[in-house]
Each structure stands twice: as C-alpha cells, then as structure tokens.
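Please go over the structures that come below.
Below, chain A partners chain B and then partners chain C, in two separate complexes.
For the complex of A and B:
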C-alpha cells in the first residue's frame, strides 16, 4: 500500500520529470509529439477534474442551503444560475448563435456574463485609487520615496503632466527603464532559481509534501 | 575607380622645392626622359584603374557556396552559407533558389527569398557561436518549410544562390542537400551545463546542510504566519488561504500548496477554521490531500473538514467576486495570498484590507508585487515564496536548497560583474575573445 501511495507517485514524478526536462533539449519531431500528447492528456484529465470541482461546488452550497447558513440565498442564486445556464446550453446545443441569430445561451453569455466580468474589472480603477491613497501617505521614508516616484511617473505618463513639467517624461522613463527594470530582473533571477531548485527537489523526491505531506 | 587623379600621381615628379641636395634621384632624369616616363605611367595607371572598374561592375558567382541540413533543429529546413562578395551593398541583391533533386536547369528552381546583399549574415543569426557553420561575416540563409516551399525530411533538394544587379544576374553552382531532424540542440548546451551545475550545487548544499547548521536570514512575512494564525484563533474567525491563478503544473502553485500544508498543520493545532477556495479542480484535490495529512500529523484528524478546500470557478473575475463575498461575509482574521496572480490581485487584497484582516502575500508575479506590497501587511517577494517551505519546516534538506539558491545567485552576480568588465575590455581593445565568454551566458535560453 505504501508503494502505491508514496513510492509509485515519486517514481512516476521522477521519470516524467526527467523525460520532460530532457525534452526541452531535443528538437526532433518525436520529442515535440511527446510534449503535444502529454499536453492533450493534461487537458483530458483537467476536463474530468472539472466534474470533481463542480461536485465540490454543489456539495458546499447544498450544505449551506440545508443548514440555512448566513448568505444561503446567494447559494440559491448560484444553483439557479448554474442550472439555468446548463439548461439553455443544452437547449441551444452549446451554440452561442445560429445563422447570425443569438441563442439563449449566447444571450446569457453576452448580456450577463460579459457585463458582470466588465463590472468586476472596472472596480479595479477605484481599488487602485483607494490602495494608492493608503499607501502613498508619507508615513515612513519608504512610503515617501514611493510617493515621490509615483508622482513623477504619473506626471510623465499623463499628457497634462508632461505639458506642465516637460522633464517629467524623461525622468519617468528613466525610473521605468533603469530603476524599475533592474529590480524586476533581479526578482526574476531569484524566481527562476527558486523554480529550478523546487523542480529539482520535486523530481528527485526531496520535496514530497505535495503528495499529501509528512514523511513515511 | 581611381583613388587619386593622375595629376596627383604626377605631382610627385614635379620639381622639388627642396634644395638640390634633397632632390630625388628621379629628378636627374629630366627633361626628355621625364616626359616619356610621365606618359608611360599615365597609360599604366589609367589601364589598371579601368580594369578594376570593369571587374567591379561585373557580378561574381557567390563564392564557397555550401548547402546543408540546418543543424540543431526539428527538420524540414536547409541552411545556405556563402562568402561575402566584393560587390555586397544595398544596390546588389541575392536570391535563394530551391528545386527538386533532379533539377539541372536554373529555370526549374523556385526563388524562395530575395534580399539586399549586405544583409543575412552569420553574425545576425540566432544560433550560439559554438554552433556557427561559417565566419561571422559570411552570408547565411535558412530555408524553412512553409508557403514558399515545402521541404520534407529525407528528401534531397537542389539549392543555389544568385547575385543580381539591375537586369544582370549570375547564378552559383547547383548544390544538393536533404533536411533531417536532429536529436540534440547544441545551441542549448550552455543552458544544460548551467542547469547541471546549479543542480549539483543544490544537492551539495543539501548534503552540507545535513552535516552542519545553516544560518537562515529572517523573513518577516513567514515569521508573521504564526502571528496571523494566533490572531484568528483569538478572534474565533477563520483563515482564508488562496493558492493563486495557475494550476499544479506551475511551480508557484506547488510552492503555495506546500506552504498550505505548514499553515494547515498550525490551524489544526490551534483548532482554527481554514477556508481554501480554488480556481483549479486538480489543485483542489491535491490541497485536500495536503490538508488532510496536515491535520493527521497535528493529531487532529477529527477536525479535518472535506469542504475546507472547495472549488469556485476557473473564471478570473467570477472567482474574485466569490472570494470577495467570502471575505465580506465570513470576515476572516487572516488572508494568505500565495502563488501566481493577475488583475484580480488588487481586487482581492483591497477587499481583505477593508475587512481589517492581517494579510500575507507571496508571489512570483512581479507585475502584481506593487499591489501586494501596498495592500498587504507582509509580502514574500519572488523567491521567498519558494523559500517559505524550507523556512517554515526548518528541515536540513529544505534549508540546503535555500543555500544552493543563494550560491546560484552569487554565481549569477559574479558572471554579471565579470561580464561588465569583459564587455568594457572588449570595446576598449576591439578584441573578439570577450564576446565568446559573453555569448556563452547571453545565449542561455
């Protein structure tokens, strides 16, 4: 049993990890074919896993409705939305439009889903403003630096700002191209090394907690 | 063309302005021989110069033409090399022609490319210096299978290069080659060498860490994990843990899942509720197992809830709206944002900040770092996310990996410093050798 739960997954991880690390260096079509096949398998497994996810979603919200937990009405809305969309999807045979005419399924997507997504994205502008207000209050030296840099960059990026302070365009470009770019690259180097080290640990079985944690 | 007019050449034979003693021996030949000599030199110079002009006007066959299978590729491609010509300029053009193996006439070949004669040089090609097939100033063109021509692996093709100027065209010899796929990309050999060196350093550091204690610098964001869980316990509120936008194939999600195991162990010990909403069903299944194991290890298997890890949706903003709703309704005392994030980062953290929760973020998404830094109490920047597992567990094996990463960073810093010196030296001395060192590290793909 311990072989099936621990050693076999570690063995599969090591073999597939080494094969696909090596695949990067092999330009032969057979190698490309292997990668394509593995990607398709991942998509197939992902499709089946979606059933797992949707089951979890139904269970969680069913329990909320059953227990009449706070906000159980939202769970009802979720059920109505999901079942309603599935019904119109089946009705329209999964098509958003037929001969240029929008189906009910297409209508749900275009006039409910898209505007709701747009609304969420639009909120971001206000959240940026409130986050900027809290962060840019010059309470510390770091916050003051942040505030000054932000003001310069904003002046340089907004046409009116550059009109009022012509040099702000060049300074903001320098901040972005030199200071910002160098720091980002330093972070990316660290991230890449961290990712490679983690990959080594996983491939060679040093890191096993993703299998369910603990030591055997 | 003459570099100097004949008058300038003849000027050297004019009477010297120097005193007699300094005059050239030729001056003694004047006057009658001098006239004859001048005429003779004029004839010779004009003859030579007109011969040069004639030679320069005439196109030449592309010299040292070579056609071969493109090395280090997946096949369906041929490469042509030829030496630079004396007439190479924007006015002159080259044509690359391809045809079947049996083609013996240029008319049977198809023009697949035409370009100015001063372009398409070996030095402009993407390959690394150790895989170059000709000198840097030679011409190189890679014929790939596409709309212009279809190349099949193992089939022989006839290839040649023609030189054009105006209406005049001169075609090189017809050469044959067959494309074949390769089993190793030697352009990436530096990548492989550096990866193996880094891997060796990591495993050496792990072995070293098993024998000796390793100093670990403080990471305030990870020290605050206990504080956040303790606070949630005191307030009797749940802890919200997010694993990011990517699936389990992304290292940042794996790192987030590993940290979840440590956090879950502590929430189990403190008997605090844990909520882990997911965007990916596979990540959810993995995290369920990790959480279950953490509760078992903490000796509280009865407290484990199957639905502490739950799926919401894969859609970015639907997920964000749902998590924001959970934050506002359940008012978690601590929010953890680990993994990779996109535009939803600020929507999540700003909502969390408005509820007064203590927030700890850890991400490798450099474009979202400013939002996390401004809205969260603690932020794990870049590789600190990958270091978190080691920091929280304090296992020697994990700590050794951190030391390996640090040595890797030191190596990169050294290469950058040496590279700056060599690049400066190369420019100052016009030497070519520093470029080989720079290319070895520059071409890491």
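For the complex of A and C:
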C-alpha cells in the first residue's frame, strides 16, 4: 500500500516532470504530439476539477445547514442559487439565447449575475475611499513617500488631475515606468526563482505536501 | 473632543455620499476633458493599425461581469478597430463566468459593423483547463476547440482559413482581470508560439504588468477605464469609457482631497499633543 500511496505518485511526478521540462527544448514532431496529448488530458482533468469543486462546495454548506452554524441562511441562499441556475441551465440546454431570444439561463446570467458581480466590485470604490480617509496618514517618512507617490499617480491617471497639475501625467508615467517596473521586476525574478526551486523539490520528491496526509 | 478628532472619526456614510455624488453628477452632466494618449495604449493601436486586411487576430476576453465597467469598453474599442480594419477576429475566454457576456459583446459590435459570424469572426467560447487551453491551442486549435460557442464545428469555417494553431495568429490581445490573463498568455502562449501580444487589464492590475511592457514581452497595455478611453479617442468613436472618465476624475480628486484633509487633521492633533506634552 505504501507503494501506491507514496512511491508511485512520486515516481509519476518525477518522470512526467522531467519529460515535460525537457520537452520544451525538443521541437521534434513526436515531442510536440506528446505535449498535445498531455494538454488535452489537462483539459479533461480540468473539467473533472470543476465537478470536484462544486461537490466540495455543496458538502461544506450542507454541513453548515445541518449544524445550523452561524450564517447558515447564506448557505441556503447558495444552495437555492446554484440549484436554480443548474435547473434553468439544463432546461435551456446550456444556451443563453436561441435565435436571438434570451432563455431563462440567459436571463439569470444577464439580470442576476452581471449586476450582482458589478455591484460587488463597485462597492469597493466606497470602501477604498473610506479606508483611505481613515488610514492613509503620513505617520513616518516611508508612509509620506507612499502617500506622495499615490497622490501623483492618482492625479496623473485622470484628465482632471492632468488639467489641474499638467506635470502630474509625466511624473506619474515615470513612477510607473521606472520605479514601479523595476521593483515589480525584482519581485517577479524572486518569485520565478522560487517557483523553479519548488518545481525541482516536487520533481525530486523533496516537497511531498501535495500528496496529502493520512496513514502510510 | 476637538474639531480635528471629530473630523477624523467622521461617519463613513458621509464619505460614501461624497463618492456617490462625485460618480453620479459627472455622469449626468459630463464635462468632456481632453484625454492624453499614452505610449502603452498607442502600442496596441499602432500594431492593429499596421496589420494587412484579413489578418487573424485573437482576442481573449479573460474577465467576468465584475470587471465589466473597465474591460468591456476596452473590448468594444478593440473590436470596432479590428472590424474597421477588416481583420478576422478569433475571440475566446479563459473565464467561464464571462462567456455569455463575451458572446453578447461580440455579437453586438459585429452587428453594428455588419460582420458575419463564421466569415469575419468566431467566438470559440470557454474550455476547461485554464492555461492548458493556451498550450493546447498552440499545438492544435481544432483539438482545443472542436466547435465554437454555438456548437458549429470550427474546422472549415472561413474565418479560420489558414489557421491551425496559435503559430498562425498574427496578433493576440488578452483583456484580463486576473489569472489566467495577460501574464498567462505571455508565459504559455507568446513565449513558445511566437506571436505578438498586447494586453488590457483593470486599473489596479496595470502597475503589475509594466515589467512585461518595458521588456517588450507585450507590445502595449490598455490599463483600466483610462486606457479604454484613450483607445476610444484613438479610433474616433467615443463611448462608455470617455463618458466614465469625468466620473473617475471627480472620484480621484475627491479621494485625494479626503486624504489631504485627514492628514491635516492628523498633524494638527499631533501638534496639539506635543504642545500639551511640553507644558510643565
């Protein structure tokens, strides 16, 4: 059993990891065909992952409803929303419109999901303004630098700001192109090196947390 | 409690009303301040402008309704430009929740430009797998998308004539609201299959994509509503983004004013505390 639980997955990871790391550098048709097949597999597995995700979501919220935990009413709303959408989706055969006429599924998407998601995002503007008023203070030199940079970029990114302070547009572009890009690049390089190191650790079986816990 | 203390603890609903009015009033009474075109947006525009007629461009609408206010106008402007240039458009999405919106958007702009589905444009829809879809399209487009969003087989559609994989796409633009988005299209698409790539994203994401822009990994970047407004100005068809810029201008200035006020009150309180501390 240890072989199936531990050694086999580690072996599969190592072999596929090494093959596909090498595949990138081999432009032979056989190598390309291998990549085509593997990505098709990935797409199919991705489809199953969706089913797994939905099932897991249902289980978590079913437990909340059963135990009547705090906020269990929201779990009921989630159930009603998901089951309702699935029902109209199946009824409409997954189509949002037929010959230009919106189906019930299309109606749910256009008149429920679109405005709800839009509202959630729009609310951010109000909370950001309130949070900025309460916490964006020049308490230290570093905070003062951040505050000045933020004000310049905010001014430079809108026509009214550029109209009031004409030079703000150019300074804002310089901040984004030089200061921001260089710092972001440094972070990206660091993250990428970390990803390479982690990949090697996974391929060679040093990092095994993805296998999960459980008895050996 | 002093005036400064009271102002620092102001009811948040007052701030909400200020922001609400700053958004609403400019939408009702637009001013129409001129918009300066940036090099980042011009990069995408100039590249599309330079393409010969019937070239194939790929537009990946990698966003959902939450980012509609910023990315929808970008998509409309790019599509109008591409159709005006008589380019063939292959559209798709890597975000399942954006599929219906992407189809509606494409149909609307195509109808307005008099373009035919299957001949001038195709909407491939969404396929599971995230970034694996990009690699699969790079290997074989018909394997990744055997049929389009309407269920019609992709093979044999005139719009895809001469296109077998991403290698046959001249230019790709990803309008992304997160991951998978512009970065994924560079890492899994452009780097391996060697097509030119442009990007569009929400305002908050734009600073994160500047390293890709400066190194030439993407040849242009349309950032947020401002980027969409610039693109609308470039194609001479002002729409939602230009209309929204006045509201964004007012909101930005209001937030700057609020932050300025908060700092004035904060420093006045700090000075008061120091003066009281120095008294015997």
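Simple rule for what comes next: the second predicted complex is superposed on the first by the 203 of 216 C-alpha atoms of A that agree within 3 Å, B and C clash if a C-alpha of one lies under 4 Å from a C-alpha of the other, contacts with A are read in each partner's own complex, and residues count from 1 in each chain.
Rule of thumb we're sticking to: a residue touches a chain if its C-beta (ideal position, glycine included) is under 8 Å from a C-beta of that chain, and two chains touch if they have at least 3 such contacts.
Just so it is clear, the structure is predicted and the values come from calculations on it, not from any experiment.
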Contacts of A:190 with chain B and chain C, given as first, second, both or neither: first
Partner chain(s) touched by A:121 [first = chain B, second = chain C, both, neither]: both
Touched partner set for A:88, first chain B, second chain C, both or neither: neither
First (chain B), second (chain C), both or neither touched by A:209: first
Chain B versus chain C as contact partner of A:29, first or second or both or neither: first
Partner chain(s) touched by A:132 [first = chain B, second = chain C, both, neither]: both
Shared chain A surface residues [contacts with chain B and with chain C]: 24, 32, 42, 45-46, 49-50, 116-117, 120-121, 128, 130, 132, 134, 184, 188
Interfacial residue positions of chain C with respect to chain A in the complex: 8, 10, 12, 15-16, 18-20, 23, 33-36, 38, 64-69, 97, 100-101, 103-104, 127-130, 132-133, 135-136, 139-140, 143-144, 192, 203, 206-208, 210-211, 213-215, 224, 226, 245-246, 248-256, 258-263, 266-267
Residues of chain A touching chain C in the complex: 24, 32, 35-36, 39-40, 42-47, 49-50, 96, 106, 109-110, 113-118, 120-122, 125-126, 128-130, 132-134, 136-139, 147, 150-151, 154-155, 157-164, 169, 173, 176-177, 180-181, 184-185, 188
Interface residues, chain A side, partner chain B - complex: 24-29, 31-32, 42, 45-46, 49-54, 56-57, 59-60, 63, 70-71, 74, 116-117, 120-121, 123-124, 127-128, 130-132, 134-135, 146, 184, 187-191, 193-202, 204, 206-207, 209-214
Contact footprint of chain A on chain B as seen in their complex: 72-75, 181-185, 188, 191-192, 195, 198-199, 202-203, 206, 247-249, 251-252, 254-255, 257-258, 261, 265, 278, 280-282, 284-286, 289-290, 292-294, 296-297, 307, 309-318, 320-321, 325, 329, 343, 346-347, 349-351, 353, 364, 366, 369, 371, 373-375, 381-383, 385-387, 389, 397-398, 401, 404-405, 408-409, 412
